[in-house]
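Got a structure here, written out as structure tokens. Questions coming.
Order as written gives the chain letters A, B, C, D and E; numbering starts at 1 within each chain.
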Amino acid sequence: MIQVFRRDVVLSIRSGGGFGLALIFFLIVVVLVPFALGPDQSLLAKIGPGLLWLGALLACLLSLDRIFGMDYEDGTLDLLATSPLPLEGVYLAKSAAHWLTTGLPIALAAPVLGVLLNLNFYVSGVLCLSLLLGTPTLSLIGSFGATLTLGVKRGGLLLSLLVLPLYIPTLIFGALAVHAAALGHTFEGPLIFISAISLGAIAILPFFSAAALRINLS
Amino acid sequence: MIQVFRRDVVLSIRSGGGFGLALIFFLIVVVLVPFALGPDQSLLAKIGPGLLWLGALLACLLSLDRIFGMDYEDGTLDLLATSPLPLEGVYLAKSAAHWLTTGLPIALAAPVLGVLLNLNFYVSGVLCLSLLLGTPTLSLIGSFGATLTLGVKRGGLLLSLLVLPLYIPTLIFGALAVHAAALGHTFEGPLIFISAISLGAIAILPFFSAAALRINLS
Amino acid sequence: MLEVANLSVGRGGISLLNNVSFSLKAGQGLVLRGPNGIGKTSLLRSVAGLQRPLCGDISLDGSIAYAAHVDGNKGQLTVRENLNFWADVYGSEMMEVALIAFKLHDLGQRPAANLSAGQQRRLSLARMLVTGCKVWVMDEPTVSLDQENTALFRVAVERHLQLGGIALLSSHSELELNTETLDLVQFRASQRIIVSAFDKALE
Amino acid sequence: MLEVANLSVGRGGISLLNNVSFSLKAGQGLVLRGPNGIGKTSLLRSVAGLQRPLCGDISLDGSIAYAAHVDGNKGQLTVRENLNFWADVYGSEMMEVALIAFKLHDLGQRPAANLSAGQQRRLSLARMLVTGCKVWVMDEPTVSLDQENTALFRVAVERHLQLGGIALLSSHSELELNTETLDLVQFRASQRIIVSAFDKALE
Amino acid sequence: MSIQSGIKYFWSSFWQLANPKIFMGWSGLWLPWVIACTVICLSTGLIWGFFFTPDDVRQGSTVKIIYLHVPSALMAINGYFLIVVGSLFWLIRRQHVSVLAAKAAAPVGMTMTLIALATGAIWGQPMWGTYWVWDPRLTSFLILFLFYIGYLALWKAIEDEDKAADLTSVLALVGAVFAVLSRYAVLFWNQGLHQGTTVTIADGVNQENISSVFFQPLLLSMVGFGLLFFALLLVGTRTEVRARRLKVLEAFERAH
């Protein structure tokens, strides 16, 4: 498992991807929004936290179909499936690698980008925390979706379609936590929900994903 | 050229993609936004037009890397390059197929989704018009970006990164036209700009793209 | 010990091979032969556990390593990194041996994408050595290899058998290995369509 | 008429072959031979116009069709649709001839993804017929083919030559074609590293 | 007969239904009756509701949308439930009929969702002054709609029937878990404008919220929609079974 994780991280860095790109995509979404919505400062400050969560989600989404897609197309997945590694482990390793190269850098950078949208220090901290707790779920659910659409060429959009409804609880609680913090309310409730979803995802998704992988390979 | 266009459309329909999916992704973005930003009706109405433009842009973005990617990976692009078709023609055909399966359905559906964000009939019409004039540019620029990142595996994020800055003028004028219509101002100016950009893209991008293709294949 | 008893395989609702049986003891190899499309790949995939057979039993002791038609190397990783990954996955120490066996040491630092077809193939053959598995299942292993490298392959397989390994191969060319061959034509399924219990009940 | 004069090719900053010259008249074929990694693929790609040669001239009259190591068929399209696409691109009417020449008529409605390796290869060979081009440039065309299908290939090439075509092939196996062969070992570049004008100026 | 053997008998005859041939015979026999009941219930319910009930004091005649809105909303949720159950039976017992029923339920459920959304939107204009608000109930339905589309798209995208059955079943199960999550998340997110549940199966009528003048025809059209759903489900499943048989025959054609 750790080998698969390490290899996936290296591959994503080698292919001009890696930590930087998810981040930059995130940055660009944040930059584009004022163009789309107009430069009204107070409006932007109001929707800032939610936008950052949305941006994180989309950045995550963009790289999903390649989690398993590359290995499926070039035959590596067949080889991995015949190796002694359990498919559950492969799934977890790949999700972890995806998180490390997209979710984590985004979570760490969000407070910095928050400055662009006038978020204060406290809200930024909560944003960062909520992303740290929530992005693993995004990667886990995304990889699960990727195992379902493995055999489908150009499956990127189908994948998004399958995955987005599953993202909604995380998005709601994530945005809720930051909104609550911005209004000075307590934000522990939503954060606990996010963590619970993350833990639940780790607990159940590996089995379903491994099953989907097995089905798709046969 | 017409053959390549026809084949690409068939391929995109066969692979479970086709007209529907870009649309659905667009719908999903519209659905996600209230979760991220909160359900405040007047706020959503205010940012609605911009959001729809942003959604169209992102839906377009998600399917870009497959325009040339599939053909490159399975060797078809080599074969096309040695065929009597000019690469400029291949580029145009592929852009057109991409537009037909993403841009066009999105433009036509935008007025319907406008209902979700409380846009009135008049503004929806302008939105539809601006998308009809603007989405060809998105496909053309996107395919151009795809020719640049051809050799890069998992190039999806890099591609978005290259392409997004080029999308900004179209996005600005597109959103501007709809904002202007919402405020009751004239909107012809921005629409003319969008059309000019589209025409410019058709005029110059084929040559650059063909050059990029040639470089990437050698 | 690899034992295949009364195995039937099919693809896409059509049965291909019926009642294939063979058994390989430690040190034995078997080359499957048969015209294009008879079902060699399907059979090998079934043995490797990648495809559910229609019926029949496959029993083996020892671990299995599979090499498909395609190479499955990662173009962005160097030759060494590719092998190293599989060595890690299988917990083996055979890297250097494999590099030498297939004359890859000079290419060690080269990204796999920049290899020629034959060099790629050598890399995927080296991978089999690296796995340290007892049973090798290989689908047309010598494709794209020149004569010299085919000889390297022959040596590797013969060594593997001498050390008590098992090899199940398919090939269209003469491998000149000291192993038995099995012509699959005799097993070609006559009643071609697979009818599942569900479909049967429909009639 | 295909004429290659003093051609040098390289890859990734390393020169591979120097001063290759040959000329093929209508009806002539040439099989390139040489060990793995010598530069056969690079040479063929240069001839097909996919890769810029380091120096030398390639002149040909007539159109060229190229078949690479990989098949390049679209898995989601059927065999017929695949061929039909290329027939459209080349504006040719040879579809049915090609289907028959490579015994693909029974597989016409099958999506290419569901073909075996040898059937895929037949499809990409049929594609060459469909192009109707005069010059065929093919990189290891008989990989994965069984004997019967190799014979079909041989017939197709010989017919092509009889009709005044030209064929430039590379192969590791004995093709038994009635053509000349050219061993590339004699052209192997001695001074391996390519120094571009820019790099030269730096010295 | 002891209770245990009774239960056993029930299950064995229940699984018998999953045999395609028995299913086809059984469903062919019952289908006309189901359709007849559907027509009777639905037409009386709707005609009674539309023409023989008074206008509401506050809502005027728009209240009559309720006879379409509420039943279709219920059936939309029902469809989802059926998909999950059918998928579960398929994954556990490999019963083709159950997964084909799940597949057949999807388009029906999706249409019901669409009807609920459309009638709701039309109702919303006079009631709330807008076609759409981001209310939890409404939003949940939009998500449900998306799920239906995704489920159907996955069926369509995968060529091999059994593989598609497996993968869509996995999706349905995971989707069910997240659907429950979403339902609660959405409640946290927004309290909403939409009416609370006033019709519950358990206590029949809640007189405070809805008077029996409206309730009786509503109940009838709800039963009618239920029967309609069942009828469409039977038709759909029979079509899927036939399509499956056709595929086998086609393969035979090609092979011989």
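Quick notes on this one:
We adopt the following convention: contacts are C-beta pairs under 8 Å (C-beta built on N, C-alpha and C of every residue); 3 or more make two chains touch, one makes a residue touch a chain.
None of the values given here were measured: they were computed from a predicted structure.
Among the remaining chains, D is positioned farthest from chain A, on the basis of C-alpha centroids. When chain centres are defined as mean Cα coordinates, D lies farthest from chain E.
Averaging Cα coordinates per chain places chain B and chain E 36 Å apart.
Inter-chain spacing, taken between the CA centroids of chain A and chain D, is 44 Å. Distance between chain A and chain B, defined via averaged C-alpha coordinates, is recorded as 23 Å.
Averaged C-alpha coordinates put the centre of chain A at 33 Å from the centre of chain E.
For chain A, the set of residues touching two or more other chains reads 11, 15, 152-153, 155, 158, 161, 164, 168, 172, 218. For chain E, residues touching at least two other chains, in rising order: 143, 146, 149, 153-154, 157-158, 189. Residues of chain C found to touch two or more other chains are 12, 69, 76. The touch graph of the protein chains shown belongs to none of the named shapes. Listed by label, the pairs of touching chains are A-B, A-C, A-E, B-D, B-E, C-D, C-E.
By the touch rule above, chain D contacts chain C in their complex via residues 11-12, 34-37, 41, 69, 114-119, 122, 139-140, 143-149, 172-173.
Within the complex formed with chain A, the residues of chain E that make contact are 143, 146-147, 149-150, 153-154, 157-158, 163, 166-167, 170-171, 173-175, 177-179, 181-182, 184-186, 188-189. In the complex of the two chains, the chain A residues touching chain E come out as 144, 148-149, 151-152, 155, 158, 161-162, 164-166, 168-169, 172-173, 176, 190, 193, 197, 200, 204-205, 208, 211-212, 215-216, 218. Of all residues in chain A, those touching chain C in their complex are 2-4, 6-7, 10-11, 14-15, 74-76, 78-85, 217-218. Contact residues on chain D toward chain B in their complex (touch as defined above): 48-52, 63-74, 76-77, 81, 85-86, 88-91, 127, 131.
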